[in-house]
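In the two complexes that follow, chain A is the common piece, with chain B as its partner first and chain C second.
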Partner chain A sequence: MELGMEQAWLLPAITGGTFAFLLLFGKYLPRGGDFLAVGAGVATFVVFLFILTDLLDVPRESLPIGKGWDWVSFEGLEIRLGFEVDEITIVMLAVVTFVGSLIVLYSTGYMRGDPRYGWFFTVLMLFITSMLTLVLADNLLLLYAAWEGVGICSFLLIGFWHERRSAAEAAKKAFITTRIGDVGLLIGIILFWRATGTFDISEIIEAAEHGEGLLGDGTYLTLATLLLFAGAAGKSAQFPLHVWLPDAMEGPTPVSALIHAATMVVAGVYLVSRMMPVFAAADPIALDVVTALGFITVFISAAIGLVQTDIKRVVAYSTINSLGLMFIALGSLSVTAAMLYLLTHGFFKALLFMASGSVIHATEEQEVSKLGGLIKKMPITGWTFAIGALAMAGLAPLSGYWAKDEILVALEHEQNIILLALASFSVFITAIYMGRIFYLAFLGEPRDHHVHDRAHESPPVMTMPLVVLTALTLVSGFIVFSGVGEALGFDGGFGEFVYFEEPEVFHFDWIIGIGSLIAVIAGLAAVPYFWGGTGERAHAVAQQFPWAYKLVKNKFYMDEIYQVFLDRVVFVLSGILAWFDRNVVNDTGVDGSAMITRLAGYRAKFVQTGQLPNYAFAIAFGVIMLAVIAFAVEF
Partner chain B sequence: MIPLQHFLVLSGVLFSLGIYGVLARRHAVLILMSVELMLQAVNINMIAFAVYFDPEAFVGLIFAIFIITIAAAEVGLALAIVLRIFRNRATANVDEVNIMKW
Partner chain C sequence: MNPDWSLLAPEYILAGWAAMVISVDLFFGRVRKDYLAYLAALGALVAALVSLIYINDDKPFGALLQIDNYATFFRVFFCLIAFFTCLISARFVQERVIHAGEYYALILVTTIGGIYMAAAEELLTAYIGLELLSFSLYVLTSFLKFDLRSNEGGLKYMLLGAFSSAILLYGISLIYGVTGTTNFSEIAQALSGNNDDLRFPMLLGLVLIISGLGFKVAAVPFHMWTPDAYEGAPLPITAFISAISKSAGFALFLKLFAEGFMPVIDEWRWIVAGLAATTMVFGNLVAIQQRNIKRLLAYSSIGQVGFLMMGIAAISPDAASAMLLHLAGYVISNLAVFVAIIICYNQTGKENIDDFAGLAERAPFVAMCLGASLLSLAGMPLFAGFVTKFILFQAAANQDMLWLAGVAVLMSFVSLYYYLVVIKEMYLGQPEAPTRFPIVPLEYAALAVLTAGVFFVGLYPQPFFDATANATDLLFAGTSAASVSSGPPAP
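On to the complex of A and B.
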């Protein structure tokens, strides 16, 4: 059988089958069956390569190509189990299958000795299955099902160490917060279905572009689009639904790397990219909302990242920051920039998480106040983390630089100089806090000798994925150039492969390129100045603006605001509803009607005398009455 | 020829006697006999109508034969039940067979 885009359904089938097998027989297998999980990961990557080759062979106009089966078929409601591939999908597939396989491999080292070792891989397989289904789905309903599937896996994996109360709480928080967005997504999908009578993504896009039926109504379309975006914002941790992502760091680090950096959290970006024609057809306000929330998210996360002391949380805030940047790119209609950033971010952010996981694995410590000077003890981890951090900061010629450059150029196309300046400033802050976390954790003097003595380099099964991802972090940005793209077999650079409306040949904008590079270098240079020695200069700044420091340190009091809202509004309202439910619905409605029936039955049972003549009399009387009635009706 | 009304009156009288017997008698066997009376009243009805309205066809007559057959089967069954009840409770008085109540 020829492997190609029509066989894309194989991807979720492979991991799904592995999941089912591990779930049923995992405990009878040696090592909890982790080798099966690794094998499935590698297999998906191999299938992905076949699909990619096939995609490069067909003309672009014929995309998306896929295969589907009728699943549920009613009058006026068709639900298909369809999987299809286009160029946006292929970028996501690259991240999910490649980073996914590496992380499954890494987990075999990181999770060693855990009492629920096998269960971890089982859920990981379920996650990858859901994620692949989400990416490949050709209709919104299947996408939504997979969307909730990754949500539940995220819940299970954040709460993997649920004996720890904070982990259980974080899992709950992540699930509920994203659910708030998901409700919007579901309503949005229903609105699209109501307007077009189909869930098929291509058909909905076509209907929106031509303004058919209800979608011709600008308000309706914009509302539906914004509701879709609500789902994306929840999953992709955009303000004000970003609060769950830092807490999600309670999960094992491979989970943070896979779900909360490389794949699940970018599902929102993917959804918006896929539905870009719909966003473009809607009122401009929809894209303005995307841009505005992106900017708020970028600045909030960058500010918080500056003062966090937990190595994983800083990386988490940098993820929120990156997601904000992707939405800024989407707000400027630049699917190219968003998807390029998504791809490179998948590599360097997974790298950063896995490197910090390596630190945590070795030292059992993630507070930077207890780390420091680790680079001598853990050279591979240290250097790979450094490269990841520099890529995140956006230093040329690492991949992050090219991706950020695309975003800045996209903003310049929009002719919005204020937004461009703001975005460049965010690049500066990002450089500072990424530099800071590396500086505090790996350079300088060890702050806790006990921890420092314990530190050691991680086993090869953990460092190998780090090295592979580092290599990709170094080079993956170059795919923007036409020459590199052509050498790899594409039509040209990344902008000529993934784009919205018009392909874009990469051209280097010197002002922006040099400008952002200066911002990055300035940011990095500020790090040793402020945090050098005992970090007294940073303290001095914090003391100079105590209110600002307090505000940022407390994460803008977002959690507290939500808590007050929950206590004052949600719990009061739900208390009233619970009272209504208990007293009116349950006691009166349910128990009351049951009581009436029981009482009636108790009274009526005496009709059954057991005396045969009584029954006979009832029959005879009934027949006579019927005859009388028939007689009366007849005449 | 005897008018149809005579048959109908005879049938009605027989049927009423049957109902009276079912309602008023207490002994199970007598009740069964009353039921037979009602069935035969219906039979007379059937045959009378059949002969008066469509003497060529046998439909009504066949019905009568069916009713006789079913009545025989029913009595066989019912008598068996009565016999069992009598064996168990030493009575066939329906007033005393009243365990089928609340």
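On to the complex of A and C.
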């Protein structure tokens, strides 16, 4: 059988089958069946390579290509299981299958000895299945189902160590917060369905572009589009729904790397990229909202990242920061920049998480106040973390630099100089806090000697993925160049492969390129100055602006504001509803009608006497009654 | 014109096989009785496979029968019902029944009757098919010679059956008098003309035919025989009656009214709708009060009849195909329920709802399948019942029968209660004895297949939907159904 885009459904089928098998028989297998999970991960990557080859062979105009089955089809409602591949999908597939398999492999080392070892891989398989379905879905309904699927997996994996109260709380918080966005997404999907009568993504895009039917109404289209974005903002942790992502770090680190860095959190970016023609057709205010929330998210997360002391949380805030940047790119209509950043971010952020996981695994400590000087004990982890951090900071020639550069160029094209300056300033802050966390954890003198003595380099099964990801972090940015793209078999650079409306031929803007490089180097240079020695200078700054420090340290009091809202509004309202439900609905409505029903049944059962003449009488009576009705209707 | 005799091959096979089963029992008296069950089941299966030859045929047999997709659908359907009934009878009959040969032969003969009812093109053939089916069932109901309840149930069934047969015949004769024909499509032609003088006998004929068929499918108030017959009959026969007698009744009901009485739809639509409403309300309410599982299923099946009659009241291509779909889903779920109950009965010999206490511990697989099938009967999502009910109720609502669909939803809700009572007993009750049931491979396999069917229809109804749409496609071809239909069924 030819293996290509039409067989893309194989991807979720492989992992889905593995999930079902592990769920049913996992406990009878040695090692909880982890080898099956690793095998399935590798298999998806191999299938992905075939799909990629196939995609490069066909002319662009014929995309998307895929295959689907009608699941339910009757008048007015068609539900399809359809999978299709286009350029955006292939980028997502690259991240999901490649990073996914590496992380499954890494987990076999990280999770060793856990009492629920097999269950971890089972849920991981379910997650990869849902994620693959999400990116391959050719209709919004299937996409939504997969969207909720990754949500539930995220919930299960954040709360994987649910004996720990904080983990259980974090899982709940993540689930509920993203659900708020998901409701918006669902309403948005229903609005599109109502207007077009279909869930098919291509058809909806076409209808929106031509302004058919209800979608011709600008307000309706904009509202529906913004509701889609609400779902994207929830999943991708955009302000004001970003609060769940830092807490999600309660989950095992491979989970943070896979779900909360490389794949699930970028589902929102993917959704907006996929639906970009709809966003472009809607009122400009829709894209302005995307840009504005992106900027707010970037600055809030960068500011909080500066003062966090938990190595994993800093990486988490940097993820929110990155996601904000991707939405800024999308707000400027640059699918190219967003997807390039998404691809490279998938590599270097997974690397950062896995490297910090390696630290946590070795030291059982994630507060930087207890770390320091680890680079001598854990050289591979240390150096790979350094490269990841520099890529995140955006230092040339690492992949993060090229991706960030694309975003800045897009801003310059589509927006004004002020936004460009703001974005460049955020690059400066990012460089500071990424430099800071590396400096505090790996350089300087050890702060806690017990921890330092315990530290050791992680086993090869964990460091090997780090090295592979580091290599990709080093080189993956070069695919912006036409030469590199052509050597790999593409038409040209990344911008000529993934784009919205017009191919973007790469050109290097020297002012922006050099400017952002200066911002990065300045930020990195500031780190030893402020945090050198015992970090007095940093303390001094904090004391200079105590209120600002307090504000940032407490994450702008977002959690507290939500808590007050929950206590004062939601719980009060639900208390009233609960009273109504108990007294009126339950005691009177449900119990009352149940009593009437039972009584009616009790009365009616005596009709059945067991006497044959009575039965015959009933038949005769029935005939006469029917005749009476018939004639009454007739005459 | 010489009829094409080859069209009836499946019926020849069934009849020949029935004779063979009797002869085997007669001449090889010492053969193990469960082999007879497998032999008869094989015959039913062969007949089902042979029926598949006629897919997409549309040929008349004389002017009596029409072998089209509708007939093929029911041929396969009835043969499969007979197949499962024979299989699950094996242990029951071996232990409790004498004259096993006749038992299985009668099952096969009943199937022939059912097929003729579905394939008939004119009233008298339909009537003969109905009598063939009924007489076989009377005998089968009272097959437990030394069980008083079986005798009582069989006798009541037969006496009342005779009574309602007379009613049906009277109705047929009146319609013949009005139209001068017994052929369905000719009846439709005659009725579409202006014939005000004959209004009264025509109406009376309609009422009598509805009453007669109402008895067959057990619509209230013609349902009285059902609980007694269900309770008295040997358990596998109860399953058989609930499946084939109802399906055959509805097959004839739908075909006759769609092909023959369409021109006077305004006359009978409200009668059927009223009957449907009464039936679903009464059946479901009384079911709440039952303590015996067979009687519970009798009343619940009466409730289901109400839902199915809704499909006839809302007659249209959509509704007809939806009704067939629900019928198929109902029969699959109901057979699964009965197989599970027979497995328990073979083990414990008890049939009250309390006796199912703790079944989940004694036979977890049986309990799971029984639970799933009961939930399907109640119409819960994931299971067959949800999809089929959804489509049926929607079809009714589309035909301005929103009130009826509303009553149906309410009664589905009531039905959930008594199904849940059984499930509660199984999972929360304390078992009388902690011993596990032995696993009987054949019965478990039958149960697994049927339960898989319940899930299959529930999760992927498309093939069934296509099949029922194909089967009902031709029903409306001849009549001017355009005035009531809301477009062709989905391809």
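Details
In this section, the second predicted complex is superposed on the first by the 593 of 635 C-alpha atoms of A that agree within 3 Å, B and C clash if a C-alpha of one lies under 4 Å from a C-alpha of the other, contacts with A are read in each partner's own complex, and residues count from 1 in each chain.
Criterion: contacts are C-beta pairs under 8 Å (C-beta built on N, C-alpha and C of every residue); 3 or more make two chains touch, one makes a residue touch a chain.
These figures come from a predicted structure and were not determined experimentally.
When the shared chain is aligned, chain B and chain C each come close enough to touch A:616.
In the superposed model, A:600 lies in contact with chain C only, and not with chain B. After overlaying the two complexes on the shared chain, residue contacts for A:71 are found with chain C alone; chain B is out of touch.
By the touch criterion stated above, A:608 is placed in contact with chain B and with chain C alike. With both structures placed on the common chain, the touch criterion links A:633 to chain C but leaves chain B unconnected. Between chain B and chain C, the partner in contact with more residues of chain A is C. Chain A residues in contact with chain B (one complex) as well as with chain C (other complex) are 605, 608, 610, 612, 616. Only residues 70-75, 594, 597-598, 600-602, 604-605, 607-608, 610, 612, 614-616, 618-619, 621-623, 625-627, 629-631, 633-634 of chain A touch chain C when the two sit together in their complex. Listed in rising order, the residues of chain B touching chain A in the complex are 19, 22-24, 26, 31, 94-95, 97-102.
The residues of chain A lying in touch with chain B in their complex are 605-606, 608-613, 616-617, 620.
Residue ranges of chain C in contact with chain A, taken from their complex: 156, 159-160, 163-164, 167, 199, 203-204, 206-208, 210-211, 214-215, 220-222, 224-225, 227-228, 267-268, 270-271, 274-275, 282, 285-290, 318, 387, 391, 414, 417, 460-462, 465, 487, 489-490.
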